[in-house]
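As structure tokens, the structure follows; a few thoughts come after it.
Just so it is clear, A, B, C, D and E label the chains in written order, and each chain counts residues from 1 on its own.
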Amino acid sequence: MKQELEERKEKIMPDGRAMILAYDQGFEHGPRDFLGHPESANLEYILDIAKRGRFTGIVLHAGLAEKYEPEIREAKVPLILKLNGKSELYTEEDPYSPQLYSVGDALALGATAVGYTVYSGSKYEDQMNKEFAAIIREAHNKGLPAIGWMYPRGKAIFDRKSASRTLKIALEEQEQTNLAIDETPSIVAYGARIGLELGADIVKVKYTGSPESFQQVVQSTFPTKVVMAGGPRTRTDEEFLSRVKDVLTAGAIGLAVGRNIWQRKDPLTISEKIHEIIFGS
Amino acid sequence: MKQELEERKEKIMPDGRAMILAYDQGFEHGPRDFLGHPESANLEYILDIAKRGRFTGIVLHAGLAEKYEPEIREAKVPLILKLNGKSELYTEEDPYSPQLYSVGDALALGATAVGYTVYSGSKYEDQMNKEFAAIIREAHNKGLPAIGWMYPRGKAIFDRKSASRTLKIALEEQEQTNLAIDETPSIVAYGARIGLELGADIVKVKYTGSPESFQQVVQSTFPTKVVMAGGPRTRTDEEFLSRVKDVLTAGAIGLAVGRNIWQRKDPLTISEKIHEIIFGS
Amino acid sequence: MKQELEERKEKIMPDGRAMILAYDQGFEHGPRDFLGHPESANLEYILDIAKRGRFTGIVLHAGLAEKYEPEIREAKVPLILKLNGKSELYTEEDPYSPQLYSVGDALALGATAVGYTVYSGSKYEDQMNKEFAAIIREAHNKGLPAIGWMYPRGKAIFDRKSASRTLKIALEEQEQTNLAIDETPSIVAYGARIGLELGADIVKVKYTGSPESFQQVVQSTFPTKVVMAGGPRTRTDEEFLSRVKDVLTAGAIGLAVGRNIWQRKDPLTISEKIHEIIFGS
Amino acid sequence: MKQELEERKEKIMPDGRAMILAYDQGFEHGPRDFLGHPESANLEYILDIAKRGRFTGIVLHAGLAEKYEPEIREAKVPLILKLNGKSELYTEEDPYSPQLYSVGDALALGATAVGYTVYSGSKYEDQMNKEFAAIIREAHNKGLPAIGWMYPRGKAIFDRKSASRTLKIALEEQEQTNLAIDETPSIVAYGARIGLELGADIVKVKYTGSPESFQQVVQSTFPTKVVMAGGPRTRTDEEFLSRVKDVLTAGAIGLAVGRNIWQRKDPLTISEKIHEIIFGS
Amino acid sequence: MKQELEERKEKIMPDGRAMILAYDQGFEHGPRDFLGHPESANLEYILDIAKRGRFTGIVLHAGLAEKYEPEIREAKVPLILKLNGKSELYTEEDPYSPQLYSVGDALALGATAVGYTVYSGSKYEDQMNKEFAAIIREAHNKGLPAIGWMYPRGKAIFDRKSASRTLKIALEEQEQTNLAIDETPSIVAYGARIGLELGADIVKVKYTGSPESFQQVVQSTFPTKVVMAGGPRTRTDEEFLSRVKDVLTAGAIGLAVGRNIWQRKDPLTISEKIHEIIFGS
């Protein structure tokens, strides 16, 4: 299966770079993310952006992946099946996002890769590490790359009385920056490192505010590849594109972005600019 | 199995419309629902209504489905096996309705489709999403459509201090209407969307008070079909029939109704009126 | 397996009536139940009563069923293997009685039927409903009838602030009678109904104080058969026999009784009288 | 497998009597039990006692059983593999001792029987009853006898406000004796009875202070055999030997003893005296 | 498989001695451990130390083991796959480190042995004992040695009110020394003994402050082998090397060390000195 794994890696990372369109927000945030642009609730609209915007992968849950199987195949945008998810309706300080589909389901739906979110630092990190570790083993055995959404989160992460030495360093980092705790280099790098230790091929992480600190993340995650999470819409295009340049300078291979694309009036123009930065054309 | 799946969808949605008779209240509410009309405790009475009322499906638990297997087959009303359930005797703020039967059980009992309730927002939503996701995968692999009872419920849903942005929008919607929180468009649409993301073929949801807001629900659930939950008996027939018209105008394909049928003296007259609205005859 | 199922039903319900000897008290209450009559601690004594008293079934755990397999076979009293149990030593408001043996174990031990207790209303009712549902499916597939001990119990059942509508009705019923909450018609009927919904062939329930109210239970459980639980020793024989007559009048098919038999000096005389009432000879 | 089961029973109960050497204290209490006699930390020393002291079984965890497999075989002392265990480092009022090895492991290690501890009355008794019940079924199917360490324990057992009727009787028993609650006849007999109900071949229980009360335990556990737990070292040999005589008079078949043997300077002399009492030579 | 097991033991314990390089800190502590020496974040750098420093094993998680499979094979340093792990971000008093990979995964990755951490005394010790016991059985059946990281830890261990007799002895030991509770001979020996009871081939434990007390640990763990955990960097080389000599004098077979090697400017010099002490050359 090694060859199939390499071929599929090449598909979602042509020339070793990745530009992934995230579309699992209907599960994670609900339809409120579509309110300003109702057409974005419809996968046909999103798939068109993915295809014409030359994205190297689209992230979906099994429902849409199955219902639009022929259209996705025809669009030739590699499918990344997101294997876990949770709604925002249940609001707990220590999040758990359960595995919903198997690696076998991903193959049956024609996926090129699988994705899974780990909230390191949550009191349920044991369950998520367990699930993601097993997914990676099985995915690799079946020739599928695995992508980790590595988001340290939970009560302990935001608790200043926590005994963790990593958090102490993060609090010092925070004093010198405007970053939220889960954006500090130490916390982001730790989440990413766990992706490497478990065997992820790519990790998706938050931006750490500067190319220097992001480089630190990239280096302690090597040889696992790093992509930046797009996050909520930025105020200006420049702000967003500047970040993309920064993370590439820092050694990241690209980004995984959703709302910053399809919550715009003109999603293709920004897509082209991002493609230019990542792939040079 | 794709062909069998399509054939069974056609059975419960002839002409793309559905009129489903719900009869799982003996489990969910207990015999108190039969008090005014003792004959309604007996499936033979209910099955006769389903048949003569031209319903396109009847929702049962395994016990009745098995004990009346020949009668159900003869009545030619498609069986929808409800795979989970809970009694109202245990009253917790965060409900969990456990899976009781398998997709294989449903096939063995001659079911045309399976049903499952998800209480999104409950602290047990992880378990229900996991169970329903696996049910949908297996059902589709075996050629059976899956119907989701998508009912956001739980402490977090009714807690104004909850951090969820969806709930904040729902609270604003509530200020302008008389709706309960779990009837607001944002909450209903989120529950329905999770049905789509997981892969349900039909979702059953509460009415949101107006055709405009219900249309919003239908659109963000596309291409999964939407049916309205009948709910408790309305004061007048007009009130109920008016709702049915509204949801069809909004793009829903029909309704799933129980008490509003069999808690009446004359269940067939109202059934005919509903059939007229949904199927035009 | 349908034919085997029917044959075994006929064995424990000859002429559609049942008179079952319960002997799982060593597990549920411990040896204190044998204190007044030490010989009742010994299965040989009990089995002799079952045989000579013409009982149509004897309820045992796997230990006694296995150790006295030849004797039970020779006595020709059908064995009902009780698949779950709990000691009274752990006293929790919300009881859970775990499954201890499988349907396969029951067959291997020569059982004619299986039994399982469900405490509806307990916070563990989800686990018990799940276990009993799976037991019924497997038992029927293997040709074994399933009997439910349907005993609503748990904190919520006895909590007047509980939001359940069924409990509100039960509290009204209680005001007009001397019944405990778990003996009110609404509560008993709900427990029994869950047995029907899950697919039990027989349910064992508490007496509701009058033939009229017990008839209500029988009717909302139809076509599942109902037997009365014998319960603790009554003061007089007349009191007990009068109850047996009442439940038969109400449509029940018999009773399952233990202490009211083997805690007596002369267990056979009362057994004969009960047999006379149930079978007419 | 019935014949193999009988043969193995004969091995650990020659002439229907048993004298078992317990050596799982390294797990349950830790090396502190070896402090006075460091040589007792070494299985070779213990095995020599077992052999020369003519014990009919030795109780071990899998680690020692595996590492000394040839020596145990050569010594011809039947191996009883203890399938569960817990350290005393975690001190909870409601104990749970998890299953660590399978019946298959026991067979692979050459065991003649398996052992398992049940703490009836603990809030985890459900898990232990479930595990022990499954172990007994599988062991008997594979021709291995099962021995239960039946030790009622947990918060409810020591809580005078507990609603259990058995505990109320135990408290009355306690007023007339110097016994700890878990040594009263009612509590000990209940634990033993659960062993019988689940199907154990032998139960190991605490001494109840008098031959009369211990006889009561033996009778309500019949036909399962009873051995006395040796317990902590007694002050004098006479005290210990007198207990052994008492329990045999009461109908027990012998004892399972550890510290009262290997915490002595001269373990063989006391072993001979015990052998004399149990086997008459 | 016995022969394969012996061969693999010989590989990680040539001449019965072991010198193991631990590199799971990226998971357990995160990238902060690499801050002073950024090159230590890279396995190539670490593997070079392992090879040139003549270590007899290197401890890795599956991610690095898989991504550097050819390099590890070529370096001929036996791979010890660490099967469980947890991040320090979630800071609970009672730790649980879940199993992430299977014994089969270890074989597929070319491992010579497997490792697992047990936090005895944690309220989750039941889960860890269960997992490690099953791992050892399976590993031995498949010819792989098993190494236990035996670290008593958890609320009960540090709680002076704990009823455990072992802890009482440990508190007395502590009064006469400067040791932390989890470094006292009684606590360390108990953890190690559990490794023996479960069947570990080697246990890794903390140093107990003196060769005399460490000998006590070694003796009550016999015949399982003992290695000292390297722990955090010591102030001087002499301090560290002196400890290594002490534990060998006490009967240990070597050590497992990480930060005390790769957090140094010159990791090879200290490695040579350690090799000299352990192997005499």
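Quick notes on this one:
The working rule: contacts are C-beta pairs under 8 Å (C-beta built on N, C-alpha and C of every residue); 3 or more make two chains touch, one makes a residue touch a chain.
Note that the structure is predicted; figures quoted are calculated from it, not measured.
Looking at the partners of chain A and chain E together, they share no chain.
Put simply, chain C has to spin 70° for its C-alpha atoms to lie on chain D, with the angle rounded to a multiple of 5. Both chain D and chain E derive from one sequence, and where they touch, under half of the residue numbers involved are common to the two copies.
As a whole-number value, the distance joining the C-alpha centres of chain A and chain B reads 34 Å. Centroid to centroid, with C-alpha atoms defining each point, chain B and chain D lie 56 Å apart.
Touching of two or more other chains is recorded for no residue of chain B.
In terms of inter-chain touching, the protein chains here make up one closed cycle, each touching precisely two others. If you walk the ring beginning with chain B and heading to chain C next, you pass the chains as B, C, D, E, A. Residues 24, 26-27, 29-32, 34, 38, 41-42, 61-64, 66-67, 85-92, 96-102, 105, 108 of chain B are the ones that touch chain C when the two sit in their complex. Chain contact summary for the complex, chain C toward chain B: residues 120-123, 125-127, 129-130, 133-134, 136-137, 140-141, 152, 154, 156-157, 162-167, 169, 186-187, 189-190, 193-200, 216, 219-220, 222-224.
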